[in-house]
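Quick one: the structure is below, questions incoming.
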Amino acid sequence: MLAPPEYMPALITPFTRSGEIDTRAHTHNLRVLGDVGMTGFVIGGSNGEGPYLEPGERGRLVKTGRRRKAHFMVGIAAESTRVAVRQVQEVADAEADSILVMTPTTIARGRDEAILRFYRTIADMSPLPVFIYSVPGVTSYNLPIELVWRISRHDKVVGMKDSSGDVVRLQSIIDATPPGFIVYSGSSQALTAAMAVGCDGAITGSGNYLPALVLQILAATKESPETARRLQKRLSSVSADVEAHGIPGVKAAAKAAGLDPGYPREPLTRLSRGAETSIAKLI
Amino acid sequence: MLAPPEYMPALITPFTRSGEIDTRAHTHNLRVLGDVGMTGFVIGGSNGEGPYLEPGERGRLVKTGRRRKAHFMVGIAAESTRVAVRQVQEVADAEADSILVMTPTTIARGRDEAILRFYRTIADMSPLPVFIYSVPGVTSYNLPIELVWRISRHDKVVGMKDSSGDVVRLQSIIDATPPGFIVYSGSSQALTAAMAVGCDGAITGSGNYLPALVLQILAATKESPETARRLQKRLSSVSADVEAHGIPGVKAAAKAAGLDPGYPREPLTRLSRGAETSIAKLI
Amino acid sequence: MLAPPEYMPALITPFTRSGEIDTRAHTHNLRVLGDVGMTGFVIGGSNGEGPYLEPGERGRLVKTGRRRKAHFMVGIAAESTRVAVRQVQEVADAEADSILVMTPTTIARGRDEAILRFYRTIADMSPLPVFIYSVPGVTSYNLPIELVWRISRHDKVVGMKDSSGDVVRLQSIIDATPPGFIVYSGSSQALTAAMAVGCDGAITGSGNYLPALVLQILAATKESPETARRLQKRLSSVSADVEAHGIPGVKAAAKAAGLDPGYPREPLTRLSRGAETSIAKLI
Amino acid sequence: MLAPPEYMPALITPFTRSGEIDTRAHTHNLRVLGDVGMTGFVIGGSNGEGPYLEPGERGRLVKTGRRRKAHFMVGIAAESTRVAVRQVQEVADAEADSILVMTPTTIARGRDEAILRFYRTIADMSPLPVFIYSVPGVTSYNLPIELVWRISRHDKVVGMKDSSGDVVRLQSIIDATPPGFIVYSGSSQALTAAMAVGCDGAITGSGNYLPALVLQILAATKESPETARRLQKRLSSVSADVEAHGIPGVKAAAKAAGLDPGYPREPLTRLSRGAETSIAKLI
């Protein structure tokens, strides 16, 4: 695989008005972000409405982008192991580069042994490198660090994305996992702090609407902490306002940044015209 | 439809070792519980591993039981509206009597307008009466009462199951909804208290393993509060121990009560032999 | 002692504008509530601004009322054991009938052994019967039931007030404590439900502003559950609105009911004129 | 005043077996930590058992140390405004350098206007510079950032200590307050991350037991992030283990580091011999 870059946007998925994937818009979005300098993308993550994607759709999103030389990490979002396994097979067939596996949520939430078994089964069968995905804003669950440690010992598990925004937790994850284990932070507001405690990179929704700023901040964290902090202030402020509206907010902001966000899938809908305009002013 | 009875078990779904629905065991379970006096069943609720059921499976579970004269309420568990709509069509085709629609969880959680739209779209298209289902233990979300009120105004929405176990909340739901709106409590431990504040009935996992006791308690709430409280003490104690193990615990207890629970679907698994034996002793 | 009655108001403490106890107003309030039928009072509980009372003030509040034939239960609110012990001595000297001991909050919160030691030391030295007081709205802490059980085994500990409003928890406390252990619920909204699960009585702030209604509900719980539920609906609705304003809300409502609430102690202040008027309309 | 240094230990308060302040031990502790390089101390903070200190004791702790050339910041821990005001007068009379005012907890918690009034009254009367103190582990309350901003506009309010350990929150506080407003982080585990997002310094309990390490980390954050991270790993690990035992844990660790911790005040007690030994091994 192409090694995953330090930063990837958690790419939005554009749907047509009738709720089908809009591949033309998807291609456009990959190109726009590629032109800004993005060399990797998370497809079908939570900002990509992963929990709404249906059989065949993950593969289609990957294949559409595949000509582009970039790392494609694809979100796996399933409750039962067998549905997760089918999703993995589908994205492997589509030649994705890696998978980002969300913790199962509903009836397995908090059942440590079940969650461990879920990840191990997937890691055993996956032809692609596996990233763990803990995203409490979506799942209401923080994967316990002890469990991260147990899962990380599997050969196929190469890293994690943690979207808690809890910097002390990120640091603990880094301390608890083997050298070389790749830790991405999933929080725009914790971008500089996450890098300061040793994260390898970040994957955020803000890469859809402030891609250049995000890349600047990451560069600045290495050279000028003072600059990083100043740019971070803007990113924190804008992303807080945008993400208060959830995915429809991210899509509205992405539109203002030149992407074609299409429609969200129901029950989500586009923001009102007024809210879209307010968000556009922030970008 | 056959009116839904005051009490229904949230029926477990038996799977074979390889993870397929075991219709023979399902038929057996319906018969065993019918013999104790159950005249209605919730199929594919959270105790029925609803979030793990796949296209076609809800219909199959209903059709398998359909010869039995009973009310079949079927769980709808979906994140996107369109997946929910397909599930409703499937169970309507299978001639279920009503549907129990879980609040969407992941990316719509807490988005009031999205959740309202989700319920309204389903209510508009459903040929079957709709029950709202708020189950924070599974979804990490308590449907706000103001939203219950707004959804309850739709003609097709006839009631609700609330599994918060919060008796003051149940009372507020009853106070907030129109006369005739049917409120079921989903908590074994709050059974007597829920009836005392005016719930119409209950739907619980304990109906799988202590069916006679549950029916006795409900009868006693009308005649002898003192007896109800005494029986409730046993129900509370046993159900707390059983449900600490999640669905595998309910299945182990159901087995001790004469049902054939089959296997849970992965990533859930059967309890260890030792834990199964401890639970069997409680029944 | 005069046995504590089934219901007692958690009496407000009137302060003068300059922040001193207003004994004249206090005497008035005891008389007004006595005339409605109250035969016991909690003095210096959380609604009585117990955490603001200073050395000597608890004793003064009790002595002021002592001529009245009523049960006086006095709130003990301290962080260190030795301050609690001084408060107990003071109220025993003033001839109170019992004490209601709030769980210590700040640096002992969640330290089970410390809390157990706190209660045992007090129970050992107290000449008055001890009631445990768990009030999470004030302390952000629910005394664990296992700890209630351990404390309840002390001879001097005769009961508990639990203000969680969690009816299942109340039931568990009753189930876990010895026969004869007196359990009061501290939630207006859970009044009927608490009695339904077997509480011995209630102590609430609403006794300051809807004293007759509260007594009617308690009478109705024994004779006509239907009436109790109907009256409860009004109590729940009014108390939710009043208590949204905290103690200043309770004082405003008490004023509308004929009590003289004086001023709260700083940093609390009287409600604005407009808010006072809105609350008066509810009573 | 002597300007407050970048780092201060939240000094423990040694009590004798009978619960009185042990000034001899206190003098010893100031000397030991001064020898390591500490030039400022927080007296009577939460690690100093501030909520247990009685009238006269804060003044005595300050006067005992006053000969030493150091910044003395003293914790104010009160529920009512007038008790807080008396504490401020006492420590001003004792010639402290600044005060650290804990948010009121019990009946004012969450009442924004009351909390704002509390801080304004204190700031108006205090002859000493005021630091706000938000410490959710003790108070179960995070002072809302909007309220921090409003309080920070008072001339006398010069800074804040925030012990949430939430680095994104720290960053938001810095962004929301005026230039020159001093922000201390109160979390050992977030030490490097807090400095990375722009905090001015830190005040932690770990300064009692790993004073040299803490000072090394702070120095390293400016010169070698890599070294800072490596040292932070040890600090995080040890402080997590120590603080799991609360203040008795901090006192046991301080003893291992050469301080004389005396006894905690009841209901806290010394750790068992076994637990003390385990903690000593960590230091």
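Here the chain labels run A, B, C and D in written order, and each chain numbers its own residues starting at 1.
Here is the rule we use: a contact is a pair of C-beta atoms (placed from the backbone, for glycine too) under 8 Å apart; a residue touches a chain by one contact, two chains touch by 3 or more.
Keep in mind that this is a model prediction, so the values were computed, not measured.
Think of each touching pair as a link: the shortest run of links from chain A to chain C has 2 of them. Taken over every residue number at the interface, the positions common to chain A and chain D amount to over half, indicating a same-residue contact. Between the CA-based centres of chain A and chain D the separation comes to 38 Å, rounded to the whole angstrom.
Centroid to centroid, with C-alpha atoms defining each point, chain B and chain D lie 50 Å apart.
Once the centre of each chain is set as its mean CA position, chain A and chain B turn out to be 34 Å apart.
Looking at chain B, no residue sits in touch with two or more other chains.
If you sketch which chains touch which, the chains form one closed loop in which each chain touches exactly two neighbours. Pairs of chains that satisfy the touch definition comprise A-B, A-D, B-C, C-D. Across the complex, chain D meets chain C through its residues 19, 46, 49, 51-52, 54, 77, 79-83, 104-109, 111, 113-115, 117-118, 121, 138-141, 246-247, 265-269. Across the interface of their complex, chain D is touched by residues 165-168, 171-172, 175, 187, 189-190, 192-193, 196-198, 225, 229, 232-233, 236-237 of chain A.
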